[in-house]
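Going by the order they are written in, the chains are A, B, C and D; count residues from 1 in each one.
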């Protein structure tokens, strides 16, 4: 199905419901779908499970969702930063659940969900606290941990440009989690700078095929 | 290390030794590194294990390697075709070992090798002859088979163009197994139509980063 | 979901393909297997906006290429030269099968040797002694799509039903088939119940007598 | 591999970074961790032809960006704006960590809290009660590269060795470190043997006395 084209970020996230699991793209500010996160803030959905590399920074975006206690659980690799005060406070108050995952396992678990893989053995984290309680196995003399896929109801992704089929291209290191998150969500909501007519993206350079994209919103941009 | 640039296909494959395991790209004729396979034929290496989607067609390339009994084992998804007579004969004579793998598991096993994954649970093949003797597991009510990575000493890959750093782009459905095979081999040998100066490929559209490429040979081409 | 219908004559291949094409939802992402299913593409309408996937790394596959459009780098799973439609994209084999295995395709249409009433599919191997096995993408296609439909003749040359209680041929995928199109009838499979949606050149009663399984009749 | 050397003074941070940079083989693909290791890039020469990887999806990373070159879409793992060199490429996060985990990087340089004589690394978590844990790419980096080198101070503020018999901090990766650069000495680790390649502002004998493990001296 060709993606729904929303006219505002608010319209794009309108279907996100309480208790939803949401993959949110971005690494630092690069690739963060800021406007979609703000719209998620405004739409009121709560008891969310969020998967993001971090746990919010300063007083914006995901940090505000956490400040307002709208996130009951976060799955991430690097929650603690110099400006993660809202997460820190919620965590110390026992008001947010944290599942800490090594960054590469996080990425591979998201990829596995989109790829229909039921689980995989990864060497990352073997012998560490983060493998505690997980199945391990020594294969050809090397230790591995069994990790499971991370799928979600929604993904919020930022890309550079889409065509009306939903094919996406990204820009530089803003690509990061976007392609694997779009594929791992039941419904991928993508903000782009602009939407071009189908046929205007070279099929060789499409990074995310339109099959993975459910909702598009064009928000302009600096590039 | 920047890739070695060979001047002929023969020079490109000169290090391939007896008993080597070799990933060979291509699906049908698209993406088949014909000239590298011919050079492999000429170089005399024997007792090879070959991983390819098919088991050779007609009287060319891989089919000739099989005809000459240079391949002791083939791992593939679709050996039997209307023109796979050399494989058929070798197989019926018990002179080639066949490991038959569903195509998606073949691709994912090759990808796993390049990605450092020790094994993965795939739903493909569950409950079939091709899962016999393999570990299985029911995860969330769905059956999965544990599959292991397929790595190799060498990969023979065809791409459209390289830069001198070894970055590659492909053309249409000739991309197929190339990117995952280059990543899964200790030494990836790539034939391209042409090699351009570094900086002439857009970093956004590179499909195989140069880190995966060990040897390049430019052979011209029709495109 | 559809009311029972019947026609005097059995369906020919084009009629079957036309019905399958009409059943594909607008905007669907579809993989058509080699053989009879490929013919379905000839009956898809532009208005349907269906996007075709080919396992060898492409979405947005167009019709078979002819003449100057033939490009050896642009082929389908059957290794036939094809064309590219606007909105197409290319990807490598692991990504292509991830797309399939991950449940992103809406419909996959396949040929079959046998289907069981539980939706088990056999289409890759006769199991005959001496046969050289080849599986290709069959097992991935069978279990990957949201819906797997089969097109096949309902009876073998010796008149036995290919819709069976339990497979006698080697399995391709378990419980994966949800609809079967044959020259004599169209079946919906769900939770072990086989519902006949239509019959063609045969009455429901006659069909029920010839098949070794219980049949329900669409309302 | 190198003969034992010694200098009068301890190394400062730039001297350490310079030595690490000189040890990186020509043409290597390298990931430099956040903190001290990042400084190594300032001492790599153009002739070395080293390619830098950043975990957030790039090969061919250039120096830190300044002024008009700052681009919010182009940052390193420390979220600092950087630049792009000719021959660069971008890829998504799963591909980036596949590159790392798959053993394609030649060298990874990391900071550390502790390293054991077996090469076990602790650098992600103090284990202190109430500390909020954060791991990022540390565990992937530790075990992914062909060679993992550590840069750290050899002693804690209270004078205890950070090169230990067994880690007291939580593990990042087991048996992964093959070389340690400190202000006082450089160590090669292999199969449980710790060889001192050089000492700086301390004699081998004094060092051997202060560290809780057996030391070999480079020939």
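Rule of thumb we're sticking to: contacts are C-beta pairs under 8 Å (C-beta built on N, C-alpha and C of every residue); 3 or more make two chains touch, one makes a residue touch a chain.
Chain identities (UniProt): A, B = 3-oxoacid CoA-transferase subunit A; C, D = 3-oxoacid CoA-transferase subunit B.
These numbers were taken from a predicted model, which means no experiment stands behind them.
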Via touching chains, chain A connects to chain B in a minimum step count of 1
Contact-pair count is greater, between A-D and A-C, for A-D
The distance between the C-alpha centres of chain A and chain C, rounded to whole Å, is 35
Chain B and chain C have mean C-alpha positions lying a whole-number Å distance apart equal to 29
Expressed in whole Å, how far the mean CA point of chain C lies from that of chain D is 55
Multi-chain contacts in chain A, i.e. residues touching at least two other chains, fall at 108, 111, 115-117, 122-123, 170-172, 203-204
Contacts with two or more other chains occur in chain D at residues 84, 90-91, 97-98, 100-101, 144
Inter-chain touches occur between A-B, A-C, A-D, B-C, B-D
Note: in the complex, chain B contacts chain D through residues 1-2, 111, 113-117, 163-165, 167, 183, 198-199, 203-204, 206, 209-212
Per the touch rule above, chain C residues touching chain B in the complex are 54-58, 71-75, 79, 84, 90-94, 96-98, 100-101, 125, 130, 132-140, 143-144, 170-174
Counting only contacts in the complex, chain B reaches chain A at residues 108, 112, 115-123, 137, 139-140, 142, 144, 148, 169-172, 202-205
So, in the complex, the side of chain A touching chain D is made of residues 27-31, 77-81, 87-88, 91-92, 100-105, 107-108, 110-111, 122-130, 143, 170-180, 207, 223
Seen from chain D, its contact residues with chain B in the complex are 26-29, 49, 51, 53, 59-60, 84, 86-91, 97-105, 144
